[in-house]
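Both of the next two complexes hold subunit A, though its partner changes from subunit B to subunit C.
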Partner chain A sequence: MIEENIFFQKNYAVVGNPNSGKTTLFNALTGLRQKVGNYPGVTVEKKLGQFIGQHGEKIELLDLPGTYSLSAHAPDECVTRDVLLGLRSDTPRPDRILCVIDASHLERNLYFITQVLELGIPTIIALNMIDLAQAQGTTIDITKLSSELDVPVIACQANAKETLLPLKIALSRAEITRSSWSQQLPSPWARAIDGVAAIWTHDEEKISQRDPLVRMKSLLLLASPDTEIEGLAKEMNAGSLLGIALAQRSMLDRELPSWREVLVSARYERIMELCQAAQGRTSSTSETMTHHLDEFLTHPVWGWFGFFSVMGLMFISIFVVAAYPMSWIEGAFGCVGNLIREFMPQGDLRDLMCDGIIAGIGGVVTFLPQILILFFFIGLLEDTGYMARAAFLMDRVMSKVGLHGKSFIPLLSSYACAIPGIMATRTIENAKDRLVTILVAPLMSCSARLPVYALMIAALFPAGSVSLWMKGALMMGLYIFGTSAALGFAWLFKKTILRGETSIFLMELPPYRCPVLKHVFLQMMQRAGMFLKRAGTVILGISILLWFVASFPKSNLEKSNHDKSSQLEESYAGRFGHFIEPVIAPLGFDWKIGIGLVAAQAAREVFISTLAIIYHVENDDETPSSLSTTLMKETRPNGMLVYTPLTCLSILVFFVLSMQCISTLSVVRRETNSLLWPLFQFCYMTGAAYLASFLVYQGGKLLGFI
Partner chain B sequence: MNIPLAQLESNEEGVVIELPRDERIANRLREMGLLPGTTIVFVRRAPLGDPIEIRLRGYSLSLRKSEAGEIIVQKNKHTPHE
Partner chain C sequence: MLRECVLPSMLKGVFMNSSTTFTPLSEAEAGPVLLVERLDGTEQVCRRLREVGFCEKAEVRLLSRGGQIICHVCGTRLALSRKLANKIWVKPFSQTHPLFSQNK
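Right, the complex of A and B next:
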């Protein structure tokens, strides 16, 4: 029997506290044999990886989001709970569990791990970071720990491959027994659990009331916060569950008023007994390196110095360093476009290929260097432990507008692109805080706005008229304006439509660690792949659609040797530009700018290439310098200049505030699981942009500017 | 001497006596190991004065003054030597 068994594929779920090195271990075990997907309905990454076990069998690992407790709060923690309880229809309940423990923080790690042991699933414990524990002067009696917890415990270091063999051998074991660990609770608690567990026993006779899964489900339901119990009961999907759970809770209220506290303290008491028996401490001066670093990095003066240096380095890399690969990519796509233009017969198909598909893919891929650098930095900051310090420093600022220190990173990422920023909000546990962060993230000036800013500033200040510093200051001003708008709207939403209980800020400050570069790169590639999949498909679709509205119906003036500018005027896009002219005229925009605004819905930087086509700029190579000189000569039918300083300023203000990115909207739709929120976001941002541009233009005119 | 946790100074040690009334907050604190009877060390305030960092059960946790103000601790007379 056992001989047969050893060759079977084994499926493990990998669980553990955040910062326990869980994902590093997962990466070290599986290498590049990973598949990253998504759990339907939530935007939590689903990472599957595999390796070959000792007997040549496949061992599959599912990396579940890190959590401190089975009573989940954030969306990613809920995924871990639901998979372990078998509540997700898309992911089968794992046959086996690999628990990762940070050996240098044994006590707190064991809280979650002992909860997992009570699920009744065969479990192996990887005692990670054993080197750090030893360096701190902590010795752990592994045999004792293993016998007390009644599961195999294997020491390892995720960042040192040679230490992983014993773990791989253990994971290949044919049989792993279920742990007999169980938490003793006072009698009212035990009765309450029995009372709730009876529901499932009624539903399916096969399930015994002693079934550990049923008991853990009952316990979690009883212990869930008042605001979440209803949702959880619905998820567990068993008849009159909610009513019975509430009745048992009022029984607990009567008979054991401190029932919530007892549940947690009983577990910690047992863990402390266990730690005293299995853990020896030789010295208490732990983590001195982290302590000394924090003296500097969270210092009232030096802390900010460090913070702004890190952020500055990140931004210089994103905007300056990335510019080189970006121009190569742009050039490469231009070449491919030209090649196709030369070798394909003239016609709509060729235009679709060149102006729709190639330009669309190019538009996304061009931003990839920035996205990669952004994700590289985020990965590096997460891995070293600095990310938590950034949130620690910025929480005060964020709390002023009703947000959380953890909202800082998503907003910061949005300077590169709102999509990765919005994807990063899933670590925010409070649903309303998360929504507010998502709603305001696109107000942070993303890099797609940068070319538009550059062009308009160039048109506003002709070469040599003002110093470079002045232009730089205006650029900076636009970023500050966008950021203030984001914080202002966040404050407004928290005060009005998304008013709610203040969120709890509880964050571990993990010890600083040397990052594993391979792990950072892997993470970067996976996240960038996610970005391409999310944004790429939408942008491509929109590019094709925009190509269509800009190319049809065909202009009558075909004889005029393929005049692109008059073709655009006759097209649906051109007609739409004329159609909206009365609406945008009060902002100082004419119908040509209108076409640009329509086209910018694919991505903001398309505004420039569209203007280049409209104004018939020779060899439309999107160089702002040549385009800006053309713009400055442009006149209205009455002979007045179109791009007066006031109009340029109005365009700038409009671009800072307006929502012109359909791919962001589609990501928001997925993240919020509703159509209402992206629609609301579009309306409030575009409305604010209209109003602000209106005030700038009309106010400026009143004050006598032109 | 029983005082709110937020009023401790750097490197002062205290034993938790009482958790915030709000069950939601109290529960999260408990799960992170902050229970009545737990010894904590006040490490530092953030540069802007809020949040604060404390050490307990061998790890560092940061929380806001608003929550730390409702946690009552008994201040230990001796301070740990760093």
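Right, the complex of A and C next:
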């Protein structure tokens, strides 16, 4: 029997506290053999990975969202609870569990782990970050811990591959016994659980009242808050459950008034006993290192100094360092374009290739280095533990607008892309705060705006006229403008349509760690892949479509004299541009920019590829030059320059504020589960963008700028 | 049900005698080990606090106090708002405890 079992595929669910290094361990075990999907109905990422066990069998790992307790609060914690209880129809209940514990925070981690042990599923504990615990002067008696909890406990370091072998061997074990750990509760509690558990045993005779799953379900149902008990009972789907549970609760109220406190404190009491037996402390060096760093980095004055240094460094690297690889990519696309121009016969197909596809895709892919650097910094900040400090500092600012520091992390991620940012709002427990954060997140300047900013700044300051630092400063100014707008609107929404109390601010400050570069790079590559995929699909499609509407119908004049300017004007795109020109003229935009703006409604970076296509179509392009120099030569019919500093500024302001991203709107629709909110978001942002651009352009004109 | 007793400051004296003094965590002394005595606030807030380690009789150390406070509970550094810290009533814990005695 056991012999056969060895070769069977084993399925583990990976669970643990947030910051326990769960995802790092998951990545280290499975490497790139991962599948990222979604749980239907909620947008919580479902990550599956696998590796080959000691007997050549497949071992599949399911990475569940981190949580502090099985009594769930936030939507992603509910997923963990529901999967472990077997309440999700899309994900089978795991047959084994891998619990990840942060060895340096044993007491806290054990709260959740002991709950998991009571589920009656065979479990292995990975005692992660054992090096960190040792550096802190904590020694853990692993044998003692293992025998007390009655499960295999294996020490490891997720960031050091050589320590993972014992864990892999343990995961390949044919048989793992169920832990006999159980939490003793005072007799009224035990009776209440018996009472609720009777429902299940009554329905199905096979299930015994001692069944650990049934007991845990009953316990969680009894302990859930008044507002959630009804929903949970429905989810557990057992006839008269709610009534029985409420009756048992009123019994508890009578016989054990402090029943809620007892539930948590009884568990902690046993954990404390366990820790005293299995854990010894000497001196702590790493703890004091974290303490000293925090004295500076969370200081009311010096903390901001550190914060702005980190942010400043990030934005300067995005602008200065990325300039080199960007020029290489630009050069490469130029070369390919020239080659095709040389070797293909003249005709529409050649034009489509050069002016449509190469120009469109090239214009966007050029910005890949900047996006990579941005994700590199965000990954680094998360991995070192500084992100939590940034959120801590920002709490002072955020609380002024009625949000708390936790909202800062989604907003900071939105600098990279609003989509992961909006998905990160799931950790915010208060529904109104979460909605406000979702509504303002797209105002944070995302990486798709970066190409537009870079191009407009290049057009604003011709090469050599100002230093790179100056351009960096203007770039940072745009980011600050977007951020202030986000905070301003958050304040407005909290005051008006989403009025409510500021929710509690409670956040873990993980100890500082040396970042795992492999992990950071893995994340960077995943994001770069997503960006390139978009460039290969959405942007490619729009590029071809745009080339078509900008080239057809063919102008009659074309045959006689190659007047490409009138060709564009008579094309579908040109006609449409002229049609909307009256609306955007007060902002200083001409009809060509209008075409770009309309195309950019799909995705902001399309603005660049559109301009590239428009001006390639228009100019007889025998000597390709970079887009920004083409822009600077562009004139209006009356001979004046189109891209004056004022127009560039007006475009910049418009792009900072406007909502031009179909993907974001669809994610907002999924996350808020309504059409109203994405629609509202689109209207308020576009309205604000129009108004602000109008003020900038008309105000600038009044002040005498051109 | 949970007692929702927010003590008016004038009543605080009732709980004060020579050996024990209850204070909200936000006003406690930074440094020494403190003992959580009672939690105020709604059921949900209390449950959250208990789960991250602020259960009754838990040991806490206050590390810093600014707009928000940072404290050490259950082996973890936690940041919380002043408003929340007001809901956690603590008293000094003079007795040396095996987990913290060597830690200073």
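Basically, the second predicted complex is superposed on the first by the 416 of 706 C-alpha atoms of A that agree within 3 Å, B and C clash if a C-alpha of one lies under 4 Å from a C-alpha of the other, contacts with A are read in each partner's own complex, and residues count from 1 in each chain.
As a working rule, a contact is a pair of C-beta atoms (placed from the backbone, for glycine too) under 8 Å apart; a residue touches a chain by one contact, two chains touch by 3 or more.
Every value quoted in this text rests on a predicted model; they were computed, and no experiment measured them.
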item	value
Clash or fit (per the criteria above) of subunit B with subunit C on subunit A	clash
Partner chain(s) touched by A:R173 [first = subunit B, second = subunit C, both, neither]	neither
Touched partner set for A:K494, first subunit B, second subunit C, both or neither	neither
Partner chain(s) touched by A:P257 [first = subunit B, second = subunit C, both, neither]	second
Touched partner set for A:W304, first subunit B, second subunit C, both or neither	first
Touched partner set for A:R426, first subunit B, second subunit C, both or neither	neither
Partner chain in contact with A:S69 - subunit B first, subunit C second, else both or neither	both
Which of subunit B and subunit C A:E107 touches, first, second, both or neither	both
Set of subunit A residues, in rising order, touched by both subunit B and subunit C	68-69, 71, 73, 104-108, 111, 223, 225-227, 260-261, 264-265, 268, 284, 290-291, 294, 298-300, 388, 392, 395-396, 399, 405, 504-511
Subunit A contact footprint on subunit B (complex, rising order)	19, 23-33, 35-37, 43-44, 46-51, 53, 57-64, 66-67, 80, 82
Complex interface listing, subunit A residues touching subunit B	68-69, 71, 73, 104-108, 111, 223, 225-227, 260-261, 264-265, 268, 284-286, 290-291, 294, 298-301, 303-304, 388, 392-393, 395-397, 399, 405, 501-502, 504-511
Complex contacts: residues of subunit A adjacent to subunit C	68-69, 71, 73, 104-108, 111, 223, 225-227, 253, 257, 260-261, 264-265, 268-269, 275-276, 279, 281-284, 290-291, 294-295, 298-300, 388, 392, 395-396, 399, 404-405, 429, 504-511
Touching residues on subunit C, where the partner in the complex is subunit A	1-2, 43-53, 55-58, 63-64, 66-68, 70, 74-81, 83-84, 98-99, 102-103
